[in-house]
Amino acid sequence: MIKSIWHWIQRFSSPKHFYGMSAKLIPWFTVSALLVGLYGLYLGLFVAPTDYQQGESYRIIFIHVPAAWMSLFVYMVMAISSGIGIIWQIRLADMVAAASAPIGASFAFLALVTGSLWGKPMWGAYWVWDARLTSELILLFLYFGYMALQSAIEDQRSADKASGLLAIVGVVNITIIHYSVEWWNTLHQGATVAKFDKPSMHIDMLIPLLLMALAFKLFYAAVVLVRTRNEALYRDRNRRWVRELINEL
Amino acid sequence: MNWSEFFHMGGYAFYVWTSYALTLVIVVANIVSPLLQRRKIIARIKRAIKRENIELAKSHE
Amino acid sequence: MLKAYYYLLMRDLRLAFRNRHELANPLIFFVLVVTLFPLAVTPTTEALRAMAPGVIWVSALLAVLLSLDRLFKEDFDDGSLDQLMLSPNPLVILVLAKVTAHWFLTGLPLVIIAPLLGMFMALPDEAGAVLIYSLLLGTPVLSLIGAIGVSLTVAVNRGGVLLSLIVLPLYIPILIFGANAVDVAMDGLPVRGQLLFLAAVLVLALSLAPLATAVALRITASR
Amino acid sequence: MLEIQSLECVRDDRLLFSELSFSLGEAEVLQIEGPNGSGKTSLLRILCGLRLPEAGRVLWQGESIRSNREDFYASMVYIGHLPCIKADLTVLENVRALLDTRSLTVTGEATEAALAKVGLASYEDVPGKALSSGQRRRILLAFVELAGARLWVLDEPLTALDVQGVALMESMILEHRAAGGSVVFTTHHGMQLDCEMRSVRLGRIARSAGQGENQC
Amino acid sequence: MLKAYYYLLMRDLRLAFRNRHELANPLIFFVLVVTLFPLAVTPTTEALRAMAPGVIWVSALLAVLLSLDRLFKEDFDDGSLDQLMLSPNPLVILVLAKVTAHWFLTGLPLVIIAPLLGMFMALPDEAGAVLIYSLLLGTPVLSLIGAIGVSLTVAVNRGGVLLSLIVLPLYIPILIFGANAVDVAMDGLPVRGQLLFLAAVLVLALSLAPLATAVALRITASR
Amino acid sequence: MLEIQSLECVRDDRLLFSELSFSLGEAEVLQIEGPNGSGKTSLLRILCGLRLPEAGRVLWQGESIRSNREDFYASMVYIGHLPCIKADLTVLENVRALLDTRSLTVTGEATEAALAKVGLASYEDVPGKALSSGQRRRILLAFVELAGARLWVLDEPLTALDVQGVALMESMILEHRAAGGSVVFTTHHGMQLDCEMRSVRLGRIARSAGQGENQC
């Protein structure tokens, strides 16, 4: 039983099989990301009411929060699939991890920049040293570290395993950082954190927010598939299936 | 609500629209870069195949 | 097994004592960096005191960071690391021996000199004591976590800056708690919480980091 | 003792060898042959478990070397392209350091005898940094001599050795074989061994997958 | 001669661009170290602002320091330095080419990113501008002086910390004047004097440091 | 062309050679012989001006090489124990980088021909890090071929080369000699040169000053 599941997983996770299957999935993800995203934008920019405290500036929320969520989510995907790659030696998992890193990094960057753009009108400064901000910044550095290590090691297998290990260690670290910074900062600077307390949100704001979050997830799914396909092509460049595929192009 | 008011964003236009513009840039970059990458990879593999064929031909001589 | 641990530790210590001058290097670096700050800012006593915990801790951290490549780089370059990996003893034990040696040669000296620097930066006495405790608990963790970083980057040439990119984010919790303990002690508040946290992290690192390092070494050795 | 089962090794774009199988019994000497870049070093590193092969297995006494590490490493010794010499340790300390990683305690006399044998008799207390390239390699010979391993894996052991050094290496291999030990080695510079010897030839430089050719 | 300069410069730049990721490393290190400080001290705006010039300048200095071994270490290890020394072109020119490449790859990026870090540390705008000028004048000197240090220590293995011992004291004047300029600008005072001093030091270093480096290289090559 | 006048070299405590004199004319080949640690590498480095001798002088066209650096370096090329290969540059770029330090502009075809000659024809765009030890050394051969120098100084040029590589080196030296160039080299592994050849023998490993013996 277990053996047959194992065989099934292996067949299913072969780059060749993945390459064929993902081609069918990508259009669906792309189109639905576009539709959900446009609808979410419409609701967020035109329908949602003005916030009585923050004025119109709060509309940054519709990209800031989804981007911040995604940056955490993608890191978890990266760490988990790295773990799978290291423990069960499934190459596709390594490829997914490697493909996720640049996407996650760009989300983290987006969250940082939109956050600081929002911070200027709200706090009067682009940047303050608050727990959430700090851990998001460190997260960006962890992404950079992952990508730098991945490209610095020549041997592809070593690169995957080494950077995967780093991603896993990073998860432990991010959790510790988050709590430690929170504790450290509330000791001295409760005020900043209090600003984050989510006001009970108006439903007309909540719905576009959730829609945008969904759109970002769908978008990630589409992009990560394309990137993983690239990784598969590149890493299997000497295998027959890639050669045949390229010859047909 | 008229358009100029909409673009004005209650005085927060710079912050809001920079955010949205950056989002657009990043979304586009995320779409374009893997496509370019794909093109590069395919070109590279094609070159490798060509080179091998030349070498194969040579070694048969 | 214990014998292997002991021999390797001794070899590393002996190697370090062969070039006495190198022994003092992390220490001197530490002192130099700490002294740079009073030179760069207007040194009023209050300003100095306010930045002292941060400056001392950051400098200690950088000193450890810079001495990290002592840990495996040379062994990697001359092939000794291959021989370690081909040892019949568990790699974890050997890693632990090397980390111990590293701490004796960098962490410990920093702990010993720290009170002097505290004095230099006008740190009150009670905070000076906490500085020592926090460094005593914190520096072994820096060596342990650093070992993971070095083992991941040892095969990369010009890996120095890459190493810091990987290791510095991992050092941040220790830095926050270590410096914070000193900071809080300056205000005369209790610091048990911070020190307990550092101790907990030390135990955690001691049990997990050598394993991770051993795995990482096997990965990078696969040339 | 040692069994290689259908190994495959790929580096970058190139398949170096695949379906490579051979085995090595007691008192056997095996040479890995092949031109520059054919994968000799890579093969030896796989054989020691330092590198993972793309496919295939290495067995020691019937068990995979990965599950049987301690046993395997206790009975083999490897020397590669790199000299493993610490610039700041003396010749004597260098040998001892190498032996220590294997948890071997060798008497002082045995060590001195081995150093004398490899021609470093009067160099015991010279630091590693003051040695010429050939002298460094000779320390490794002393290490191999003292390691007391049944299997020797030697990657280009003749590098930088002078004529006398080459003769020494040859006689060491013969002695080891006579005592029932086995040797796997590579070299480009003819080693004249006065004994039966098998060889594995790795293919011509193969630029792409599928072009490798190995004979056994 | 100019051709040799150009070719060598190009070779080094190309080498750097071959590993894109490495290119960003000194920069990331710079940002990371600057980030460490607010984490280690209580980050009130005034406290941050007070330490900003010092922290940013010290971090820039450390980033340059750490990237120095890029300058000759690899060339030494693989023997290319011997070939440079056997070149029919004057060694000074080749040294200058290598230093130029080093500055393009480390100093310049630091100058460009500095305003962002000024923002992190709550630096007022006018001080931010002075920060850029001071770094623009100061970082080439760091590269030039650093080159002397590396050429002296390149033959020493584990020379990293030794290098900092040699180089850091030489860096101190630049640090003092650079950081002071920013400090003074924060108070709205004129900074012409400091900037002129930095410019003078730059001219001096540009004319003397390559010569000293060339001599030092000939000495260390004499293995 | 090259004249060595009563050179002396001391390393650490040991006198390696003293009062060593010889000269090298056009179209001459000279081998430096001697066991491990006898000072061959040290001698060659002195000869290039990379190392200062304890006593004695090296003259090029009758002038000291130190006062005449540009001229001397424009007409000699040296390869040592180290490979000078940049891991991140391709084979082609590596050769060009080596030539650039000498301010030589060599046409693309000439470079390709040289690479083909040393057996790296299809490796032009492979990065240095992906080369085996023998392939790295071959890049140096291409460099020597293209450098257009009259004097070649080669320290163990056969290191890591396979049989075919050794034959190549031999033929290159013969060609160079035929064109009027001269060569100084060391090697432990017999080089079969089909030409007149002189040799300088450095003494047995001498442990302390005064024991060195050199013949010329």
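Just so it is clear, A, B, C, D, E and F label the chains in written order, and each chain counts residues from 1 on its own.
In this text, contacts are C-beta pairs under 8 Å (C-beta built on N, C-alpha and C of every residue); 3 or more make two chains touch, one makes a residue touch a chain.
Source: prediction; values computed, not measured.
Chemist: State the smallest step count from chain D to chain E, taking one step as a move to a touching chain.
Modeler: 2
Chemist: Let me spell it out: compute each chain's centre from its C-alpha atoms, then which one is farthest from chain E's centre?
Modeler: Max centre-to-centre separation from chain E belongs to D.
Chemist: Write down the pair of chains with the top C-beta contact pair count.
Modeler: C-E
Chemist: Could you pull out the chain whose C-alpha mean position is farthest off from that of chain A?
Modeler: That would be chain F.
Chemist: Would you mind pulling out the distance in Å between where the CA atoms of chain B average out and where those of chain D do?
Modeler: 49
Chemist: In whole angstrom, how far does the Cα centroid of chain B sit from the Cα centroid of chain C?
Modeler: So the centroids are 42 Å from each other.
Chemist: Can you check how far apart chain A and chain F are, centre to centre, with Cα atoms defining each centre and the answer in Å?
Modeler: Using C-alpha averages as centres, the distance is 55 Å.
Chemist: Can you list the chain E residues in contact with two or more other chains?
Modeler: In chain E, residues 19, 21-22, 25, 28, 32, 39, 42, 74, 157 touch at least two other chains, as defined above.
Chemist: Hey, what residues on chain F touch two or more of the other chains?
Modeler: Residues 81, 122, 130 of chain F touch two or more partner chains.
Chemist: Which residues belonging to chain B are in contact with no fewer than two other chains?
Modeler: Residues 48, 51, 55 of chain B touch two or more partner chains.
Chemist: Report the residues of chain C in contact with chain D in the complex, numbered from low to high.
Modeler: Answer in residue numbers: 3-4, 7-8, 11, 14-15, 18-19, 74, 77-80, 82-90, 94, 221-223.
Chemist: Within the complex, which stretch of chain E touches chain C?
Modeler: For chain E paired with chain C, touching residues are 21-22, 25-26, 28-29, 32-33, 36-37, 39-42, 47, 50-51, 53-55, 57-58, 61-62, 66-67, 69-70, 73-74, 157-158, 160-162, 164-165, 168-169, 172, 175-176, 179-180, 183.
Chemist: Hey, which residues of chain F end up touching chain E in the complex?
Modeler: 45, 48-52, 69-71, 73-74, 76-78, 80-86, 88-89, 93, 97-98, 100-103, 127
Chemist: In their shared complex, at which residues does chain D touch chain A?
Modeler: Of all residues in chain D, those touching chain A are 10, 13, 15, 52, 208-209.
Chemist: Spell out the part of chain A that touches chain D in their complex, as residue ranges.
Modeler: These residues of chain A touch chain D: 157, 237-239.
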